[in-house]
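Chains: A, B, C and D, in written order; residue numbering restarts at 1 for each.
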Amino acid sequence: MDPITALLHEALEGVRGLDAGAPASYIPELANADPELLSLAVVGPHGRVRVVGDVEQDFTIQSISKPFVLALALADRGRDAVLRKVGAEPSGEPFNAISLEAGTGRPANPMVNAGAIATSALIPGDGVDDRTARIVAGLSAFAGRSLWVDEQVYASESGTGDRNRALAHLLRSYGVIDGSVDIAVETYFRQCSLLVTARDLAVMGATLAFGGINPVTGDRVVAEAVARDVLSIMTSCGMYDYSGEWLLRVGLPAKSGVSGGLMAVAPSQFGVAAFSPRLDAYGNSVRGVAVIESLSERFGMHLLEPHDSVAVPAFTVDDTDSGRVLRLSGELGLAGTERVVAVLRELADAMPAGAAVTVDARELGRTHREALIALRAEFERMPRSFVLRE
Amino acid sequence: MDPITALLHEALEGVRGLDAGAPASYIPELANADPELLSLAVVGPHGRVRVVGDVEQDFTIQSISKPFVLALALADRGRDAVLRKVGAEPSGEPFNAISLEAGTGRPANPMVNAGAIATSALIPGDGVDDRTARIVAGLSAFAGRSLWVDEQVYASESGTGDRNRALAHLLRSYGVIDGSVDIAVETYFRQCSLLVTARDLAVMGATLAFGGINPVTGDRVVAEAVARDVLSIMTSCGMYDYSGEWLLRVGLPAKSGVSGGLMAVAPSQFGVAAFSPRLDAYGNSVRGVAVIESLSERFGMHLLEPHDSVAVPAFTVDDTDSGRVLRLSGELGLAGTERVVAVLRELADAMPAGAAVTVDARELGRTHREALIALRAEFERMPRSFVLRE
Amino acid sequence: MDPITALLHEALEGVRGLDAGAPASYIPELANADPELLSLAVVGPHGRVRVVGDVEQDFTIQSISKPFVLALALADRGRDAVLRKVGAEPSGEPFNAISLEAGTGRPANPMVNAGAIATSALIPGDGVDDRTARIVAGLSAFAGRSLWVDEQVYASESGTGDRNRALAHLLRSYGVIDGSVDIAVETYFRQCSLLVTARDLAVMGATLAFGGINPVTGDRVVAEAVARDVLSIMTSCGMYDYSGEWLLRVGLPAKSGVSGGLMAVAPSQFGVAAFSPRLDAYGNSVRGVAVIESLSERFGMHLLEPHDSVAVPAFTVDDTDSGRVLRLSGELGLAGTERVVAVLRELADAMPAGAAVTVDARELGRTHREALIALRAEFERMPRSFVLRE
Amino acid sequence: MDPITALLHEALEGVRGLDAGAPASYIPELANADPELLSLAVVGPHGRVRVVGDVEQDFTIQSISKPFVLALALADRGRDAVLRKVGAEPSGEPFNAISLEAGTGRPANPMVNAGAIATSALIPGDGVDDRTARIVAGLSAFAGRSLWVDEQVYASESGTGDRNRALAHLLRSYGVIDGSVDIAVETYFRQCSLLVTARDLAVMGATLAFGGINPVTGDRVVAEAVARDVLSIMTSCGMYDYSGEWLLRVGLPAKSGVSGGLMAVAPSQFGVAAFSPRLDAYGNSVRGVAVIESLSERFGMHLLEPHDSVAVPAFTVDDTDSGRVLRLSGELGLAGTERVVAVLRELADAMPAGAAVTVDARELGRTHREALIALRAEFERMPRSFVLRE
C-alpha cells in the first residue's frame, strides 16, 4: 500500500465507528442497503486512482447525477438557455421542496429535485430510451467506463415517485418543461438509477477538477467553462440545505446522493468520493461527510485556503552566451505578472552594465490574456536590455 | 499610469455607461448620494494599491462591515460560539427578511441583517461606545488606517431603523442576543456608518485574501482560519439572494453594501473594491457588479477556474559535489507530493549507478502535515541513495 | 313582475355598470366567455324561484361544485373520515396554492383545489365514469334537475390541468389520496365542468339553507348535520383569500367559481346565486360580489346581524272552558324557554286565585332537547295550577 | 339552583376530568396559575347571569381584549380607517406569527398579536396612561363594572415582551403604526393585563350578542354595526389557527386568551364564557373548548343551524268591528314578507265577499327597509279590501 493510500485507509477507519443515521427509507429499494458498507476513492491530476474499503460495491448514483446532467445540458444548450429554465441560487429549503420562483416558475437551482428534472428535460431526445441513452453515454464519459441502470431501483423509484411527478406537472404548468411529463420524469428516475462505485464518482469528480478532461482516459468530456459552471453551482447548492456550513467547514464543491454516495472536488487537485448508506437529517452520508471533512483538513484542500502562489509561473534561470534567460513555465495570471516584474527589478538592480535579460514565455501553459498584455506593457517601460520572447 | 492601472481604467470606463438602478432610498441620507460617482481599487500580494476613478470619495461601509465584524467575533469567541447564535446557510431570501431558524431562532447567516446584528452583539464591551470602539479599531486594522463614523448617516439610520429594531427584539425573544436591544442596534447602526473609500475596501479585502495579514501594513489582523471562515461565508451568502448567480458568473467571495460599495476577494491574489451608488433589485451596485465581473473574467480570477498547479512546490536542481540536489520552495500539498515523487522517479530512471539525490525541503513555505508524512513514506520505499533533508 | 323580483331587478341593474376584471384566462374555454352576461336568482323557503337577467345562460359550475361534493363525501364517509384527509382551516393562501399541512400532507380545507381533489377522491366508484356518475346524480339532486358535463370545457381543463395533476401526485405522495391519480384528477375536472344556471345554483344553495331539503322538490338531499358542516366550511373558506373580508362585509356562507358563478346562502332564509364572468384578483365575480353584498345589506341577511328572536316559539292564547291555554308553535330553544317562563310569570301575577293555565307544546316544531328539559324543570317549580302538555 | 343553571353545572362537571394541556408558560406570571380552576357563565337576552364553578376567580383577559379594543377602534375611527391598518383575513398561522401583508405591511387580522397592536394603536390618547384609561373605560362598559389592570402580570408581560416589541417596530417600519413604539406596546400589555371573571366575559360577549347593548346595564356600548363587524372577525379569526375547525364543530363567534379564558357569542341569544388555564397546542383552553362545544350542541346554538324562522314576524289575529285585523310584531325581513303574503292569500281565499282585512305593522320591531317596500308593493296588487297600516 503506497503512503497516500495508507493515509486514506487511516482516514476511512477514523470514521468507521460513526453509526448515527440510517439508509434512506423513502425509496423502498434503498432502505435495504447494508448500512455498514464504506468506501473511499481519490483520483489525482495524473489519473492515478486510489481506493480503500468496499471498493467493489456499486450503488445507484441518485442525486450525484445532477451535476453531470447539468454539465450535459450546459454543453448542449449553453448557459443562458439553461438559466432561463432553472436558477442558480441556493434555496434555503430541502431538496424535495415544492417551491419555484414567483412569476417564472423556475426551480431555485439544478441541485434540488425540481431543478434537476427541469435540467434533465433539456437533454434532447425522442422518448425515455433515447434521452436516457444520451445521459448514460455522457455520464459514462465522465466515469471513463460504461455505466448502466439498475432496473430494480428504477422500478422502485418510479413506483413511489409521486412527489417528483407532482414537481414535473408543476414545472409544465409554468412552461419550464415542455412535452410529456412522463418522459421527463421517467428519464430522471433512470438517470438516478445508474450504478456507480466510489471509484467511478472520484473519476467523475476529477474530470470536473481538471477542467472537463477525464484524467484517467485523457478525454475531454466537456469544455472548461462547463466544468467551472458546474463546480460553481455545486459549491453554492450541492449539499442541500447544509451547503453553506459544508463550504465553511470543508470548502469543496460537492454533491451527495440519497443512496449514500458523496463526491467532492478539489479544483486542479483531486476528485474524491465516499460511499456509506447512513444519512443525516440533511440527506447526506454521515461517514461520507466526516471522511471528506477530515481529508480536506489534513491535506489543506479547502477552497478558501490561502496558497503561496496561484496563477504564478515557475521560474528557471539560465546564464547563456547571449545573457541571462529567465524561463517561465506553468500559469501566468495577473498576480504572476506582478511577480515576474518584481523578479526582473531585483535582477536589474544586481546586473552589471550592458548585461541583457531575456524572459522566455514560450513554455507558459495557461496564460490569461490581460496578464500577458500587462507583462508586455511592463517591458515597454523597462531598459532596452530586457527582452520578452513569446 | 502603470499597465495594470491602465487595464483597471479601461475596465472602469467600460461600465460607466450603465445607468440602470438608483441609490438606496430607505435610508434618507443615502438617497442623496451622487449616482454618477465611480471608483475602483485593487490591492495585490505585495500591498501595492491601484486606484482609478473618484478615488477620494468616501461613503459609509454599510453591509460590507458584516464580514469584518464577523471576523472580529470569530477571533474573539471562536467558530462554535458564533455558530450557536447564527447559521452559515444562504437563506434564499432578501437581506432584511424577518426569518429565523425554527426552534433556535438563529438567523440564517451573518450576512443578512438579522445575522449581522446577532454577530455584532457578540463583540464584547460595555455600552454602545465601548463596543463601537472595538469594532472601529478592528476594521481600522483591516483597512490599515483609522476609520471613523459618519454621524449624520448614523443618525439617519437610527431614526428609520424600525425594521432592524424589530429583528433585534425578535432575536432577544429567542435568546440569540442577550442584554439591551438598544445597545445591540445602535452599535450595529454605528458600524454601518463607518466611512471608507474604495481603496480602504480593497485593502480590507486583500487582508482576507492573504490569510488575515494586511499586505499594506504587514500586520496580522486575524488568524488564517478566521479569514478562511469569513471568505467561506462571503462565498455562499455575500451577495444577498444573488449570491449563487454571482458565484457562477464571477466566482469571487464578495460583499456588497447599500451605499454602493462592493468588495471582492481573489484568495491569495487580490482584494478588489468598487463604488457606485446605483443599486439593482438585489441591492448590489450595478456598475460595481459589472466591473468586478469583467475583471474576474479578464484576469481569470474565478474561484473555480482550474490552475496549472495548486499546492505544488517550485523545484530547482543543483549538481553539487555530494550529488544532485533538488530544492523545494513554495507550498507542499498532497498534489505536490505526487509531483515530487514523479520527478524523482524520472531522475532515478536516468541516473547512473551509485549516484545520489538529496531532496532539500528546508525552504518549503506552506507545508501540509499529511503531505509531508506521505513524502517521508515515499522516501522509505526508495533506493537508499535518495535522501530527504527537512 | 312581483315586488321582490322587481327589487332583484333593481339590484342587478345597480351593478351592471361595473366593468372591472376579466373572465378567467387560464382555462382556454373560459377565456371566451361573453363578459357582459349577468344573471341573479333567489330561492326562498317555500321553493319559490325568482330570476332576473340572462336567466337561460348556462355555464360550468367550476369551484362551486366543491361544497356539494364535500356534502356527498360527508354523507358517504362521515365527518371524521373526511377530516382525516382534509382540514377545515382557511389557508390564507390562493385557491391553487401548493401547500399542505406539515406532517400529514392534508390540504388546508375542501374549498382550495388540493382539498377539493382530496374530497372528490373520497367519493366511491370504479373509474372516472362511475365516480362522475355518482357526483352528477348527487349535484342533480341538489339542483332539482339533471345536470350534465360540458365536454368541451372538460377537455380544455384536462388539457391544461398540470397544476391540479401536480397537486394530486403530491397528495398521493402523502397518502391523502389512494389509487390512480388520473382517475382522481379526471373526475375532478368533470365535476368542475358540470353545466348550471344561476337558478340551479340558487336552488342548490337553498337546499343547504334549509337543512339539506331541496325546497323546490321537497326531497331531502343530505342530512341536516351535513348541510350545517358544509355551510360552516363555506363561511370560513368559501371565497378564497377574501373569505374573511366577505364574511365581514356580506356575512353569508358562499362559494365562487372561476367561470363567474357565485352562490350564497342565508341559512333558513334563501339560496342566492349570481353569474357574471368578470373576475377580481381573488378569482371572485366582480358583479356577483357586488350584487350579493347589496342584497345582504338591503334585506338584513348578514349572519351576524342580530334578530329580534331566534329559537323562540310563537304564542297564541285561548281562553277555554278548562282555563287559559298558551299554545306554542315554531321552535323552542334555550332562549325560548326563558321567554316562555317570563310570559308565564306575567300571567301568574295577573291571574285570579284558582285559575289554571295549560301550556300546550304539542305543536312545537323544532325543539332542542335541553330546552325542553329546562322547561319541564321550570314547571316543577311553578304553582300546581300550571300544566305543561307535551 | 334554577334548571338552566343545573344544566350548566352538569356541563361543567362533564369536562372537569379533562387534564390535558398546561397553563401558558411564556409569560412567567401565567405559568403559576392553578390548573384546576374552572368556571362557566352564561348571560341571556334579559341580562340574567348564570355562573357555576370558581365564579369568584379573576384572571387577566389577555387576547380576549382584542375584539373589544377592535370595537372601540371601529367606533372611534370607522371601519374603513381600521381596515387600512389591519386586514380581516384568517392568516393560517399562529397568533404570534411575524407575517404581514406584502406591500402594505398590514397584519392579517385584528385577532393575531400584530393586528391587535395595530388596532390598539388606533385608540387615541396621549401616552400610555391616557390610552389605557380609554381602553379600560371602554371594556368596563362592555363588562358593566369597572375593570382594573393586574400590575404584576403587566410587569411580567412587559419584561418578556420582545416578540411583541419586534412586531410593533415592524409595523412602524411599514407605517402601520405611527408614533412611539413604546407607547403602543405598553398600552397593549396593559390592555392584556385587565382582570376579569368568567361572568365579566359572559356579559361582554352578551353585549356583542345583542347588537352592542349591554343586557345587564341596558346601556348601548357600541353601535349595532360595530358589534356585527366584531362578531364577523371573531367568527373567521377568533380561535387562532383552530378558527375554521371551531366554526365547523361549535359554530359560535369566539375568542380565547392565553390565561385560559374563552368567550363565545350566540348572536341574539347568549354570551357565554369559560375559564380553565390548561391550554391546547393552539393556545385555547382545553376544558373551555370542550364545555362550550357541549353547550352549543345541547342548546342548538351553532350559527349555521337552521331555524324554523328567522326575520319572520309573529302574528295575532283579532276580529274587530271594522273587520279582521292581522297584527305583526317582532321582526320583518324578506322571508317574513313572503310569509305575510302567504297568510293573506289564505285569508283571502276563505273570506266572505265584502269582508276587509287590515294588516297592522305598527308594532313591528326590527324592520328591513326593502322588506317593507316589498310588502307595500304586494298590497298594491291585492284587492282593495286589504289595507296596510304602518
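Convention: a residue touches a chain if its C-beta (ideal position, glycine included) is under 8 Å from a C-beta of that chain, and two chains touch if they have at least 3 such contacts.
Just so we're on the same page, UniProt names per chain: A, B, C, D = Glutaminase.
It should be emphasised that the depicted structure is a prediction, and the values quoted were computed from it without experimental measurement.
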{"item": "Per Cα centroids, the chain farthest from chain B (Glutaminase)", "value": "C"}
{"item": "Where chain A (Glutaminase) and chain B (Glutaminase) are represented by their mean Cα positions, the distance between them in whole Å", "value": "23"}
{"item": "Centre distance in Å when chain A (Glutaminase) and chain D (Glutaminase) are each reduced to the mean of their C-alpha atoms", "value": "63"}
{"item": "Whole-Å gap between the CA centroids of chain B (Glutaminase) and chain D (Glutaminase)", "value": "59"}
{"item": "Chain contact graph, described as a line, ring, star, complete graph or other shape", "value": "ring"}
{"item": "Chain B (Glutaminase) contact footprint on chain A (Glutaminase) (complex, rising order)", "value": "2-4, 6-7, 44-46, 48, 83, 87-93, 108-109, 209-211, 224, 227-229, 231-233, 235-237, 241-245, 247-248, 251, 253, 267-270, 298-311, 314-316, 330-331, 333-335, 337-339, 342, 365-366, 368-371, 373-374, 376-378, 381"}
{"item": "Of chain C (Glutaminase), residues touching chain A (Glutaminase) in the complex", "value": "98, 162-163, 165-170, 172-173, 181"}
